[in-house]
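Got some structures for you, see below.
Next come two complexes, and both contain chain A; in the first it sits with chain B, in the second with chain C.
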Partner chain A sequence: MATTRPARRGRRLRIPLARIVLLGFFLVFVLIPLYWMLNTSLKPSNDYLAIPPVWWPDEPTLVHYEAALFAYRGLEGLINSIIVSSAATVLSALFGSLMAYSLARYNTGGQHLSFWVLSQRFLPPIAIVLPVFLIYRNIGIYDTHIGLILAYTVFTLPVSVWMMYAYFRQMPRSLEEAALVDGCTRWRAFWTVAVPLAAPGIVAAAVFAFIACWTEFFFALLLTSRNAFTLPTVFRAFIGFQGAQYGEAAALAIVSLGPSIVLGVLAQRHLVRGLTLGAVRG
Partner chain B sequence: MANIAVLETPKPAGAPPRLSSFGAWCDRNFKWLLVAPAVLLILALSIYPLLFSLVVSFINYDFQIPGHAFVGLKNFEMVIFDPVARRALLLTAILSGLSVGIEFLLGLAVALVMMKSFRGRGLIMSILIVPLFISPVIVGQAFSLLLQRPFGPTNYLLSQLLGTDVTISWLTESPWVYLSIILADVWQWTPFMFVILLAGLTSIPPNLYEAAELDGVGAWQVFWSITLPLLGPMILLALTFRLLDAIRLFDTIFIMTGGGPGTQTYTASYYLYTVGFTQFHLSQATAGSWLFLIITAAVVALLVRRLLRVEKA
Partner chain C sequence: MADVKIKGLHKRYGGFHAVRGIDLDIPDGEFTVLVGPSGCGKSTLLRTIAGLEDISDGEIVIGGEVVNDMRPRDRDVAMVFQDYALYPHMSVAKNIGFGLRARKLPPAEIEARVGTAAAMLGITPLLGRYPRQISGGQRQRVAIGRAIVRSPRIFLFDEPLSNLDAQLRDEMRGEIKRLHQEISTTMIYVTHDQIEAMTLADRIVLMRDGLIEQEGAPLELFERPATTFVAGFLGSPKMTFLPGRIVGGSGADAAIALDDGPTLALPSGRDVDAAAGRSVILGIRPEHIHRAEGPAPPGFARLEAVIEFLQPTGSRTYATFRLGAAQVMAEFEAHDTGKPGETVPLDLNLSRASLFDAESQRAI
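Moving on to the complex of A and B:
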């Protein structure tokens, strides 16, 4: 609790010094690893062990990016990540919105069904991945795109369902009811009335599903190998830095940061909802 | 009665949907058809695997040996009586407890500071949430690059600061290696606490603070008797969600320490991974992951029930 004290006192005395210090400290803490990664990715290998460290290279180089993408198969990982994450996101948003709508409008299965889906979110991944690995090997979809896409769809469904469930629930029913009275089937009322209205919520859920797939490591590590491997698994090559591949590791990290950070910051209005599975509006 | 008759008369004019019998069946079971794809997927790729792994944990599943002999509870015993397993479970509890505790305190402090609007708040907000969108693998990589001896600048900076030569192997020397792991976790997940707690803080009605100010209540007292109680449910939610993710700790361990030195940084997930995928004792690993699942479920039941009680109140 001691940490909160300066903040409150600063507020009361209208001297924002404590606020500036705390915020400044935290901003620097957040930025240091990012800065050092960027610096490392551009640094010629000769500068690696210089003392004092080279804080910014005199002659920035892109050789590490080239090596990371081609020699270390980062580009293949990038393409696989794009394929798998996009496909899983589409499936998760599609199946998730169907289920969320049913839960929100028809209270399907009562509380049991919705909490059963939620409970999936809290299962330890190791308990799922071990048997899925064995099943995938038996039916021959180990190390394939389709295998990882299905795994990621299930992995992201609880969050997708609950985010959209919260969204549908706060939408007025009256328009769909009017459509039904006008003779629409339930499906048309859903597809042509509810879905367009819920589009912002569906997109937000899809963004968070994509980020979750893009940054996921554990499933990809155990369910893929030389063929369908995603970007995060490429980092295995740099463990322990055999041969001091600092620049390559940093370059690959910088490459993979882009999409998820851009999407995340764009969708930050929905962030609280995404982090709490729709429990908090934010 | 008369009202109903009036309501029903316009129906023919409203052109009721003409459906084939299949279409009518679909329309009747609409709500179940909507949940079917998601439910079937979860059954196929989560529930079925879980049941399958329960079977595997009672047999001797080996790629080399044909036929899977029933071995009873032997796989469970192997895990329970493995000192490495027990140490890994303890370490998981300690590391996740410490990390989540630090993340909570730091996140609360930053949330209190970010409560008031000021110039540049939007930009700072966007920067502070960035760690949430980064793969834990990359976070581990970034901290490896910072801490790695001789490459990382950490020892150099500490040497300059302290005036003596610091030569710590942050990733291979205990106890420093624990500090490194916690540091990476705190970096990535403090924004999680911060974002949720900030949402909680901004939803506290401002007139409570105004009333307190009029009554001349001190800042500390305001914090204890207004902010903290009203933030309570949100704190519980943030801690629960975060803790349930923290006990899965794997990615940063995999990248930063590989469980080392020795088996000193084995967490529960990492231990089960090595048993299953580097030693290929798959049955033992599934038995262990069922035990871990049961422990997790107990924690979930405890925390989530609390959570629901608070939300209803």
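Moving on to the complex of A and C:
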């Protein structure tokens, strides 16, 4: 006992040290840019590129927020983003869970359909964006919420389907069979038994879909103009002929963080369970 | 309450023919056990009755009504699954009441019926808990509660005890038997365990390769097995099979000459004329072989054999002997055994033994 104690104490000290260094490095790497963004959003314009750097403005100002939200129409972009991302997320989760259930339980389309669904993501977006643009112009949904929601739903569906497919597949069939014998229709067994049990997987898939929509730039840039433009496209305006509007860009970036943080906090518990797929059993 | 009639039932999965033409009549109120080795089609048969599997050919009639294309929910049957299939996101009370809620009964009645069912199974204190918070045996009770609360026409059990440890299995087996005596609804029970089949059944349906090998009352199958397969499947330890040949004349002189072994005179009541001179298999259970004492009683054959090894179980001891090319197991009194290597005189009760044709494996 007496001889082993110093060794054990030494080891006990070393592990947290390595951990702290590693986590500290990671934290710095993540937090410094965030801090600098907040700092920049509150600085007067003269301080952006000052040397030595201004670590915190003497007189923090909200003028950049005002300009970004109103003069540059950032608020409209924010509202459009919320509408489009939420709608696409809900549709993606709804159709995704139905599709995933069908693939998992009825082996719909044999072995190939499920892979075909995923293969949609192999296609570079640039390959389809121009035809989509032309079609949208023709049928009159260019620069509309509907148009972008449709594009985003289709875009996020493959990953949603695959995340939920894995989830439904590991659920014992007997639960739904018990519900069928107990007096449920297929539809009701799906909603009262399969969906509640797959909730962690569905939530995880929905969070991924939302983040993908929220940060999407390319489709939004080409499929919208002055009406349905989303938050990411607003950032174009900050780098222009009159130089870069660093303050406004930083202010809008801070604003765009909000929903992601709220979502992360709300869905955290489900997210962890949803990502460790096979680990849950009743 | 309903009877079940199955006519010419076939079930194919792609190229695999799981059920290959089953005809079965299950009278109202009877406890029928479908038993057989894994892959014999017994679970598939049960699932077609529940409506969880479509049938490829044939007819299923429940209570006089053809149910081939009827959805499970409309068949008014209840099923208990091997893995219990309790809904993990619902409390025990919600689990038991699920079927009643699905049928939109008034909440007050649901509560009353759930209470009665829980009391019947002794799980009232568990009603507020969740499935993950209770033990395996309790889960099985909840699963049974979920079935009985609906008062269905037929109960279906799909290997309900195979996930329990031996002691709980014995206890629950008694519980299910008691339940059937109390509510006397038609029950169809699938198991691969011959002890469950023997103890529970009014009637055993023994299946093999998608066909019925033999059906009847448990003791009927046990004492008069139609084939060597049935004889070997029922009973533990297993029946001993001794290959041989029928020799001698007809009637009283008939005897069986065991391959590489002695010739045993057959009891006079046995009509083996048709099998004279043919290869046969003598099947005899351990409990029909005793240590010989005094003169051999009528119907018994005496021989001597060397003990190979002993297996005491407490109440009885099973002794294994070598007889020609075959091994023979005998059941002895716990202490009255002898030692391995010792030569012991044995009495074989041939009036209780079975004779099978070696070629067809069917009883003579």
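Methods note: the second predicted complex is superposed on the first by the 227 of 282 C-alpha atoms of A that agree within 3 Å, B and C clash if a C-alpha of one lies under 4 Å from a C-alpha of the other, contacts with A are read in each partner's own complex, and residues count from 1 in each chain.
One rule holds for everything that comes next: a residue touches a chain if its C-beta (ideal position, glycine included) is under 8 Å from a C-beta of that chain, and two chains touch if they have at least 3 such contacts.
As the structure is a computational prediction, the values presented were derived from the model and not from experiment.
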Q. With the two structures laid over each other on chain A, which partner does A:32 touch: chain B (first), chain C (second), both, or neither?
A. first
- Task: Once the structures are superposed on A, label A:172 by its partner contacts, choosing first (chain B), second (chain C), both or neither.
- Result: second
Exercise for review: Check whether A:183 is in contact with chain B, with chain C, with both or with neither, and answer first, second, both or neither.
Suggested key: both
_Which partner chains sit in contact with A:79 here, chain B, chain C, both or neither? Use first/second/both/neither._
neither
### Partner chain in contact with A:214 - chain B first, chain C second, else both or neither
first
- Task: Could you tell me if A:106 is touching chain B, chain C, both of them or neither one (first, second, both, neither)?
- Result: first
First (chain B), second (chain C), both or neither touched by A:150
first
Let me test your reading of the model: by the given contact rule, A:203 touches which partner, first (chain B), second (chain C), both or neither? neither
First (chain B), second (chain C), both or neither: which does A:128 touch?
first
Between chain B and chain C, more residues of chain A are touched by B
The shared contact residues of chain A with chain B and chain C are 181-185, 282
Note: in the complex, chain A contacts chain C through residues 172, 174-175, 177-185, 188, 193, 196-197, 282
Chain C residues touching chain A in their complex are 50-52, 71-73, 77-79, 81-83, 85-89, 98-99, 102-103, 131-132, 146, 150, 156
In their shared complex, chain B is touched by residues of chain A numbered 1, 3-5, 7-9, 11-12, 16, 19, 22-23, 26-27, 29-34, 36-37, 40, 48-49, 51-53, 94-96, 98-99, 101-103, 105-106, 108-109, 113, 117, 119-120, 122-128, 130-132, 134-135, 150-151, 153-154, 157, 161, 181-187, 190, 211, 214-218, 221-222, 231-232, 235, 238-241, 244, 246, 249-250, 253, 256-257, 260-261, 263-265, 268, 271-272, 275-276, 279-282
Interface with chain A, chain B side, in the complex: residues 14-17, 19, 23, 26-27, 30-32, 34-35, 37-39, 41-42, 45-46, 48-50, 52-53, 56, 61, 105-106, 108-110, 112-114, 116, 118, 124-139, 141-146, 148, 150-153, 156, 187, 190-192, 195-196, 199-200, 219-220, 222-223, 234, 237, 241, 244, 247-248, 250-251, 254-255, 258, 268-269, 272-273, 276-277, 282, 285-286, 289-290, 292-293, 296, 300, 304
